[in-house]
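Notes for the one structure printed next.
Letters A, B, C and D mark the chains in the order given here, with residues in each chain numbered from 1 onward.
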Amino acid sequence: MFLRRTLPLLVSAIFGIALILQFFVPHPASKSFYNLMLDWLIIVSAFTYLIAVQSTVELHFTKIKRKVEGWQYSIIVLVSLFVTALLGVFGGAFMPTTLWMKIFPSVKPTDTTPLMYTYLYMQMPMQSTIFSLLAFYMASAAFRSFRARSFDATLLLVTAGIVTLGRVPLGEFIYKGLPDVVEWILKYPNMAAQRGILIGVQLGIIATSIKIILGIERKYLGGGK
Amino acid sequence: MAIATNFWIWIAALLTLAIYSFLYKDNPFYKFAEYLLVGISIGYGISVYWHNTIITKVYNPLVYDKNFLVLIPLLLGLLMFSRFFKNVSYLSRIPIAFVVGAGTGLSVPSSFEFLFKQVYATMPLKLDFGSLIIVVGVISTLVYFFFSLEHKGFVGRVSRVGITFIMVAFGAAFGYTIMARVSLFIGRIQFLLSDWLGIIK
Amino acid sequence: MKNKIFFFIFIILSFIITFPQNETSKDEPVVRVDSTIVKEFQIKDVSNDDGSKLEISCQKVLEGNNSLFKLYRKELNDTVFKNVKTFQSFPVKIVDEGLSYQKKYQYYLAVSDSLGNESEKCLIGDFSPKADLFKTDKTILLLMIIIYTMVIIYLVESVRKGKDLFVRKISGLDTLDEAVGRATEMGRPVLYVPGSSSMSDIATIASLNILGPVAKKIAEYETKLIVPNRDPIVMTVAKEVVKESYSEAGRPDVYNDNDIFFLTDSQFGYAAAVSGIMTREKPATNLLLGMFWAESLIMAEAGNTTGAIQIAGTDAVTQLPFFITSCDYTIIGEELYAASAYLSREPLLLGTLKAQDYFKGFIIFIITFYFVILLISWITGGNLVFLNKILEILRFIFKS
Amino acid sequence: MKFINFISNLDKRWIYLILALCIIIPFLFPVGFPMKTTPPVKSIYDFIEDSIPEGGVVLIGADYDPSTMAELHPMAKVIAAHALSNNLRVLFVTLYPQGAGMAQDAIDNVLKEWNKSNPENQKQLGKDITLLAYVPGVSAVVLKMGEDITQTFNEDGYGNKLSELEVMKGIKNYNDINLMVELAGSSVVLTWLIYANGRYGLKMGIGTTAVSAAEYYSYLQSKQAIGMLGGLKGAAEYEHLLDKKNVYGGRKDASIGMDAQSSAHIFFIILIILGNIAYFVKKRKEGK
């Protein structure tokens, strides 16, 4: 019980309060504590990356084990993950490792690493293409579902139209003053509403942080009570 | 310029087309590319993380600089591995509590300051048309998101003004989003037309 | 109660406002020397720092002399002086950094001619910077953090003890009932999408809080409820919530475990699959509540083309425009949290919502007050000293 | 009426096809409309051009991944090139592993193009420009940099000790950095503003995707950021400004896309108008 709940809550409360107070104390002693904490944070969070890896591997592993529909694709995930990681760890990230250069004597230190090949010619095109599909979805939604169904929606669409036109050279070609109109909309009415929303959101974030330190918000510790 | 002869460019182009095939309809090529992407990006993450973090922040300080102060956070971090074993997995809560607790402790004063800066910037030194719009806009938006008063009478009218401001802001964001999505597609077309097919410069 | 808290805040604030005036009169240790080359050559401690800085300032005595001035520094028990800065124009204010509060320092100023010969030295010292224990310029910030924390604790506790706090009705919630009713009339199912994120998002939790009462109503009407999920944990929680609501409504027999299911974890795959359900099952009502990313418009469009009534709600500002133009009713940003607190009455949610509201009210009040004073000052020509003083004080509160 | 029925039953794949044509055709037959520079872009350009002394340092935050690279990658390249042209030093930093690859590609590209067009003023990796190692921790990294940059990273992304690199000479923390331009399409921009700008007073500019651009005007008005490049258009404006100096021969990724952007925007507006006409006509008919 102590290790499961009390200790984690104590840890977050103690370090949370200590670092809030640290902010108000400029003394060198407090500064070195702050520096130490930052170093620790960086090293400990180095391990949090493992969680992302672990959960993905586990998800696809179970899929294959249970032969869920489309489990064959999970094999692709695991194989490509393994191969890429292997290439990267032994071949180097941005510069070939000495080991790699020993195995392949023709490789120079300035050469592109095998990992960068997978990044530049596989990951980069695929990931950017997936998101570019949105242009098409947007076009079809523009045609079939963006409706001026109320006063609010009409106002929204009209502003959108002005901004869309005013932000491209062609809009400027049609009417010279358009970019300035758009800049004005963005700088005043848009800015004001964005700030109103931002103030609310920030208050919410701070409230959540305070609740975590107080130990009344525990969802981040994950499952179970 | 002519069509690319580089093997890798062809790979990139074919993967691009595999994903665009989804626009026609869902198919195995798309699924293959999608899952391949998941695997590659995590594999890539592991490699960068290995060379830039484990080696530089953990291995080198310990082995070359003999900096044993690293050991405490290191042990804390290693508790994270308890997640792989069901019966002790709760131990990983300690490093998580440390990261979250210390992180929020760092963020509270700074976030408050950040919030204050925004409020401060809303108080203009001199009155002009622009600052009038800003003050009215910020106040009415805040009133719209104020839940302790019923939206009736005067408060109702102010929140009505607020929602008008919000709609203008959303309209601006909407217009900008159209631009963003088109740009992403332009990026891909540039690659296909220039690097792959060599039609344009 | 509300008045009490505001009163409390104002008492403290009035304390703060009187605070800085006393502070400036506080004695700062200053070493000062007047000489033939410069006057008011002085060293001052920089306040609110870690004791690593000293401020050196001086003014010129002779006019029209364009020679170079060099400032040197050494530790008291050192022998060699090091150049800190070379300057020509007056008056100067140099902040010397990287010092230690445990050491004493001496400075001297020399005049050098065009050939680099130095003459007329003027020595000052020994002085050591002070390491402060508290940043006095951040007092208000600290007080605000303490007050906010106390207000949150107080409100959460009082809701726990059974106090009912007022939250205005969110207009989208009325529409929710209506939409569920319509589905019953038409004999078609209701589709509930709890967003595309995991339990770590507040919006997802808010959505599941809303799902409860919605499911209860649906159980009463004996309509079919479909909940497709992108996250396995969200799915498990959704199942529990719906099951409980069905038993609360006295209809555990109508609950069908297979109607709440996991689709896929791929972002666009999920959106495409939900669109598929919309076209196949033709639900009369689509409820899209929770956290959404770029895939939002795919679902909103599909629902719109099937002619369903759509109610959406999210705190993702970038997705809201799509929902507003393609859905019949949209719950905007924080309204989603308010709706979930309103329906669930959970102390943690309701208390926090109210605490945020009090601070929001405080900010609204200060800005409005500032604006009114500014308006009066503008009408009267801006010459009234006390009005300007009030404006200055109000700005001071938020100047951190 | 027939027409209304036709467009409301249109297969969406036709719309997809027309959109694709709207973007491809302008590439084949470019027009090149002139464009005005907006003030937020100009102020970043002017700051780098006029307010940073030779040898000064520009920090570029590459916190984006390939999904938004179409908008942000051109910014990284053009800002780095501009800084090099003024003989400033450029440091890339990233808080995410994906950003490291983007930064590395940008550095590679800029160095190659720069050295090709300026044989008399060659720039070198490690001397004029480099990438700081990726270190996890996000806000902790941003804060630690304010104390000591070398200690935060120990090494650059290529495995060289930072303390031995020429590009790092005289750089201890944010006080030695003249300007940071954060390129990101997510809330990490806020992390930089809250911690680096708020706590350490680092001067910042923002380069962001068009999706977030409207939101970030708040930080311009509050002077937390000196300027902003919003989306591909922002990058194109910057390229135009740099183009006037005529020092850098790299491909102008953003500018050549502007014609396509224009025609696509017109297409979107037409789609929305047509869709709404169909909607209102239908609604009126149903009402009768």
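Observations, loosely collected:
The working rule: a residue touches a chain if its C-beta (ideal position, glycine included) is under 8 Å from a C-beta of that chain, and two chains touch if they have at least 3 such contacts.
This one's a predicted model, so the numbers in the text were calculated from it and none came from an experiment.
The leading chain pair by number of C-beta pairs in contact is A-B. Ranked by how far their CA centres sit from the centre of chain D, the chains are topped by C.
Between chain C and chain D the centroid-to-centroid distance comes to 25 Å (mean Cα coordinates, whole Å). Distance from the chain B centre to the chain D centre is 14 Å, each centre being the mean of its Cα atoms.
Chain B has its Cα centroid 3 Å from the Cα centroid of chain A.
Shown for chain C are the residues in touch with two or more other chains, namely 138, 141-142, 145, 268, 317-318, 321-322, 324-325, 333-334, 360, 363. Across the assembly, chain D contributes residues 16, 19, 67-70, 100-101, 135-136, 140, 143, 157, 159, 210-211, 213-215, 218, 221, 231, 233, 261, 264-265, 268 that each touch 2 or more other chains. Multi-chain contact residues of chain A (touching two or more other chains) are listed as 20, 23-24, 39, 41-42, 45-46, 48-49, 93-94, 119-120, 123-128, 130-136, 138, 140, 142, 144-149, 152-153, 156-157, 160-161, 163-164, 167-168, 186-187, 190-191, 194-195, 197-200, 203, 206, 210, 220. If each chain is drawn as a node and touching chains are joined, the picture has every node linked to every other. Residues of chain B touching chain A in their complex: 8-9, 11-13, 15-16, 19-20, 22-23, 31-54, 57-58, 69-70, 72-74, 76-78, 80-81, 83-84, 90-91, 93-112, 114-115, 118-119, 121-122, 130, 133-142, 144-145, 162-179, 181-182, 184-185, 187-188, 191.
Chain C contributes residues 48-52, 100-101, 131-135, 138, 141-142, 145, 148-149, 152-153, 156, 199-200, 202, 205, 233, 265, 268, 294, 297-298, 300-301, 304-305, 315, 317, 321-322, 324-326, 328, 333-334, 337, 348, 352, 355-356, 359-360, 363 to its touches with chain A in the complex. Within the complex, the chain B residues that touch chain C are 22, 26, 34, 108-109, 112-113, 116-117, 119-120, 122-124, 127, 135, 138-139, 142-143, 145-151, 166-167, 170-171, 173-174, 177. The residues of chain C lying in touch with chain D in their complex are 317-318.
Residues of chain B that touch chain D in their complex: 23-24, 41, 44-45, 48-49, 51-53, 55-57, 60-61, 102-103, 106-107, 110-111, 113-114, 117-118, 120-121, 134, 169, 172-173, 176-180, 182-190, 193, 199-201.
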